[in-house]
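Just so it is clear, A, B, C and D label the chains in written order, and each chain counts residues from 1 on its own.
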Amino acid sequence: MSMNSFGHLFRFTTWGESHGPALGATVDGCPPGIEIDESMLQVWLDKRKPGTSKYTTQRREADQVEILSGVFEGKTTGTPIQLMIRNTDQRSKDYGEIAQAFRPGHADITYFQKYGIRDYRGGGRSSARETAARVAAGGIARAVLAQLAPTVEIKGYMTQIGPHGIDGPRDMAEIDNNPFWVPSAATAATWATYLDGIRKSGSSVGAVCEVMCTGVPAGLGAPIYAKLDTDLAAAMMSINAVKGVEIGEGMNAACLTGEENADEMRMGPNGPEFGSNHAGGILGGISTGQDLIVRFAVKPTSSILTPRQTIDKDGKDIDLITKGRHDPCVGIRAVPVGEAMMACVVLDHLLLHRGQVGDGPRGHIGGKTQ
Amino acid sequence: MSMNSFGHLFRFTTWGESHGPALGATVDGCPPGIEIDESMLQVWLDKRKPGTSKYTTQRREADQVEILSGVFEGKTTGTPIQLMIRNTDQRSKDYGEIAQAFRPGHADITYFQKYGIRDYRGGGRSSARETAARVAAGGIARAVLAQLAPTVEIKGYMTQIGPHGIDGPRDMAEIDNNPFWVPSAATAATWATYLDGIRKSGSSVGAVCEVMCTGVPAGLGAPIYAKLDTDLAAAMMSINAVKGVEIGEGMNAACLTGEENADEMRMGPNGPEFGSNHAGGILGGISTGQDLIVRFAVKPTSSILTPRQTIDKDGKDIDLITKGRHDPCVGIRAVPVGEAMMACVVLDHLLLHRGQVGDGPRGHIGGKTQ
Amino acid sequence: MSMNSFGHLFRFTTWGESHGPALGATVDGCPPGIEIDESMLQVWLDKRKPGTSKYTTQRREADQVEILSGVFEGKTTGTPIQLMIRNTDQRSKDYGEIAQAFRPGHADITYFQKYGIRDYRGGGRSSARETAARVAAGGIARAVLAQLAPTVEIKGYMTQIGPHGIDGPRDMAEIDNNPFWVPSAATAATWATYLDGIRKSGSSVGAVCEVMCTGVPAGLGAPIYAKLDTDLAAAMMSINAVKGVEIGEGMNAACLTGEENADEMRMGPNGPEFGSNHAGGILGGISTGQDLIVRFAVKPTSSILTPRQTIDKDGKDIDLITKGRHDPCVGIRAVPVGEAMMACVVLDHLLLHRGQVGDGPRGHIGGKTQ
Amino acid sequence: MSMNSFGHLFRFTTWGESHGPALGATVDGCPPGIEIDESMLQVWLDKRKPGTSKYTTQRREADQVEILSGVFEGKTTGTPIQLMIRNTDQRSKDYGEIAQAFRPGHADITYFQKYGIRDYRGGGRSSARETAARVAAGGIARAVLAQLAPTVEIKGYMTQIGPHGIDGPRDMAEIDNNPFWVPSAATAATWATYLDGIRKSGSSVGAVCEVMCTGVPAGLGAPIYAKLDTDLAAAMMSINAVKGVEIGEGMNAACLTGEENADEMRMGPNGPEFGSNHAGGILGGISTGQDLIVRFAVKPTSSILTPRQTIDKDGKDIDLITKGRHDPCVGIRAVPVGEAMMACVVLDHLLLHRGQVGDGPRGHIGGKTQ
């Protein structure tokens, strides 16, 4: 029971604080013989790293990942892979006041209440910098999936920022063309204006991210308490600032009747074909073969320039503003984190399924059991 | 790694199928010396059991729980507690057609695709009957909490059915006075009329349930991957038919600004006092001492009388209606299940915290570290 | 973290006390589609059950196992298998004195010290009756191995009782012909005379059991902390009364030089052939393809008729003799338990290997990597 | 399920290969507020490190440990502690031949058979260098024990080398005065002569190490499958080259009668007093309060200068000698590793006990339940 570990067979443990010497992930259970090098991980870290647009924190971190173990002559060996990222831009002086005070809506107070001690520099362990380690681990998962399940593709994007959803139809080709990873050029423009205002006022705002995974084989997920949707919900809820997780219809499923919600099927040349995907690709905790659809809501950053009422360690009432370099919408940088978690969960369940059920035997519709 | 187990230190494993001889839960890690008898568990099982109103399935199950181990002379001994519930009303003949066909929106197809074999009688392992075992385990957790953390109180209720939310102000005293556990007498009347229509048409509808836990000590939750909200999200998402989970503001957190979302604090006589609870009682994965608020959406039952397009094991296209005794709104019976999962998660984290941090040392605001 | 669970992917949780209504095992992670019925488990339980010869306790237990879940139409479904054994011959009145006193060399005192409460009837949870549940779980493992790895064969036997080892050469065909499962007819006769004396004097004696597993594929075992030998050591040490575990040469490895200990190899038609097996079939925690050899020492039963100095719950010094029906050499009945644990460990690692590495890719000597 | 992790609540994951850039341990679950600095760990690493006498490998490793996370202003914060040790003296050129050949009695062949790829440099992941990471983690455990259970003391020593046991009575004060950590000056002199001969002939030899832990509270250990002795057996068997583990009487328990084996008790002023300790301080998997006694046998190093018959990757029969810098008796350096594992297991069970049972309630002999 590692409280800082995630996954069953493909399992990573993250470690490190925002302003300590380094942070990273210890990845255990990776299959052997997979080609990996640091550049394959760096591409995902670069997507998450701060300072890439004016809409993310201006902290400058190289986020350069080093592989310290588990890879030999360019291939994984089946032993633990240690991924280390040095912290380089730690302006700890920015955090003087935070050492004594508790930001409202931040983990400052709970870490103190739990442990009686906290590394207050940059949020310490509760900082979103921890997610860099997840993105690195997710890079490993993607490389394994590329070999073991090459049909799998994972794509994350934003679907809402503050009160603004996506205007008009989605165009997935637009995702990489704007700083919000929103699948709509027009929407990106609207959001840019909106978020500029938020940023300039020293405020912050929440967001909704969605991650889609296509090409997943049917049969992944281990009922009852390691269901695919259970693990995805845990994966996404564990990301900093996430307050809600939805699969397929999500909270809206409450509004539907049984007739509306049923994803009807007809037999196609390659297996069942579905007329809709209210289920988000998961029934009874097991993948149907349809696209996996997960959404999560990210609350606004608690570090804002407007004074808020709070208390300090001495129990004194104070009014606090948080200076420093913060994200006006931390949801933006949550997109690659959500993708990484999706990759880890899907790979983990692929290995779990292979372990319990094997590559071979499985129900074959319209034929005999394979 | 038990795929049918839940929890870290307080850990239960459920087993059993809808129409097998019995089902139950093996509860491990229960503290010793706690007074338990079967009647203390039965009260919760009676709340969940089918056939208590016309709005739940008319299957008649006594749901009588037997304690087979781990309790001696009325007290827990610290060893595993086996809770068994015999299945008594299994009209397997109702399920002839289901043996060959896959209900749209049901786990029929995914269990078959995963395992190549499934106990189709009543949904087998994927049936919501599994949740009876959780409710029994939750009864154990409640008894332990009553002794170790007597301030803790857990209350579940519905907040939405189909498109209908709660009309007017909430009155928590009304929860036990209506078949929906909705905190509003007027709303209960509206919902009754609505659900009668759904039931008579052989349809079904979704719902939203909320579980509140008051009196929780600050400091519970084990970052990063055993956060209190992470475990609650997994707990609720693992319940049959759940498609979304929210903590505090939930998905709506996306719409808020940092100013709105900050739960401001002032120092009170007994510690911090909060002006609001957007966080749902959890910051950075750790409890603040405020009320825990969790919501989850339950999709409509897939068993309906309107024919739906689907396929059978032979890959033939068919139109299917599902006869038998089903819940028009399975969300109703999910309320006590949500309560049980809340009890298990809170107790588990109480024990985890005691293990790692101890009863004593903890940050004390306005004083020295205890 | 279930403290009463064993295994990684194939994982069982045992529950129940010696004189409670029942005991059993919850088996999770069993592959689907395996033919199982109660008679296949009963054969192993009958081997372990008390009262089969005058050398084992005269308690009469049918040890009849019931399968309550996870098997449908004669085949496993991939869901948890609940195995229940009713206790039938509980003469609790025999245990009046034990309720207050602590037998020297018995878990009476430690359970009390740990939990402050104990089910003293027949040793409660610390009774060797718990091992009946393991034997049932081991029966499942054997059935799975028979299908997934049909070359695997497991055989346990005794190699020492008190000071007496095996006289003369081993004859494995004799194992099932005597009550000691000793591979030597002559030795069985000597031991019978010896143990008769022990039994009649109301004393007890220790033993050494060995379990051999042949036909194991090379490559099983998950370094560093789930090594095959690590898990076997844990498996055997967890059996009641075991005080030592050896792999291959075991403690005697200390006496050898590097030259003596090296199991030399030559290439044979089907792979490496070894000139010796000091390693007991395991190198670096991974199987070599040779026979697995595990031995464990079982201490004498603490329940004897000679008075021993001890104390009671009130802290009074007393002299205690233990009446009732006890085993003069509990090591005899540990043989089928050791076999069951071997079966579970080997299957578990077969599934783990399949999960992480797959059925296919593996180093192929004298050829390319498969 | 991390295959490279050990422990339940206090849990560490080791990573790294003999000749990679670094190795280390990720320690999770450490209580907060414990004073730790690198020098407190270095003292134990220095005890284990190579090159300290002519009886250990002449490889020169600084084995300097760096703390990368989890410690703030000199105290643990309750978050993961990353311990990194850089590899500095990697003469990889020594290992040219090993890349193609399999040393008899070494993990070379099994890693290849399992994974199809191996880091052959210095044994890669199977090298005893991995144990440096355990020693560092053990240093953390010792620091925590010093604060939570200050009576606990752990001492390891050798009791046998090749055929030579300890001559005459034990003198624990001598342990730190000789390179073998043997509690007898006279024996140390005999062993020195013996091992010099082994070393000069390019051979190697096995050994037995014993680790004693005094001052352990009664009640630690979590039956049935996380028994204190089960976890100690797993801990020690997981150390490289260990082939046997004994608790108390160990394998010799087979020779005893029930009368001999009973550790008789009388009530003393502070609780039960025992007349002997055949049990090694553990009954029913739970500590009695007596000294914990664990022994393990270490096989001789497989790297020797005498040619042995073996095969290479191409399946060719070859005769192999292993040059390079090796330990004539690797058992010597296993002593601090055994101590580290003991510290980790005892702390882990202290936390587990505190979690399930609490600091307070426990059976009190001669009084009421606390």
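Note that in this section a contact is a pair of C-beta atoms (placed from the backbone, for glycine too) under 8 Å apart; a residue touches a chain by one contact, two chains touch by 3 or more.
Here the structure is a predicted model, which is why all the values come from computation and not from measurement.
By number of C-beta pairs in contact, C-D leads when A-C and C-D are compared. When chain centres are set by their Cα atoms, the one at the greatest distance from chain A is C.
Averaged Cα coordinates give chain A a centre that lies 44 Å from the centre of chain C. Rounded to whole angstrom, the centroid-to-centroid distance between chain C and chain D, based on C-alpha atoms, equals 25 Å. The residues of chain B that reach two or more other chains are 1-5, 8-9, 14, 29, 32-33, 78-79, 114-118, 125, 223, 352, 356-357, 361, 369, listed in rising order.
Per the touch definition, chain A reaches chain C in the complex via residues 1, 9, 29-33, 78-79, 223, 351-352, 354-359, 361, 369. Chain D meets chain A in the complex at residues 1-5, 8-9, 11, 13-17, 20-24, 26, 28-29, 32-33, 66, 68-70, 72, 75-82, 84, 114-119, 124-125. Note for the complex: chain B touches chain A at residues 1-6, 8-9, 14, 102-107, 109-118, 125-126, 130, 160-163, 198, 203-208, 218-227, 229-234, 236-238, 240, 243-267, 272, 275, 278-280, 282-289, 295, 297-304, 306, 308-311, 313-317, 331, 352-353, 356-357, 361-367, 369-370.
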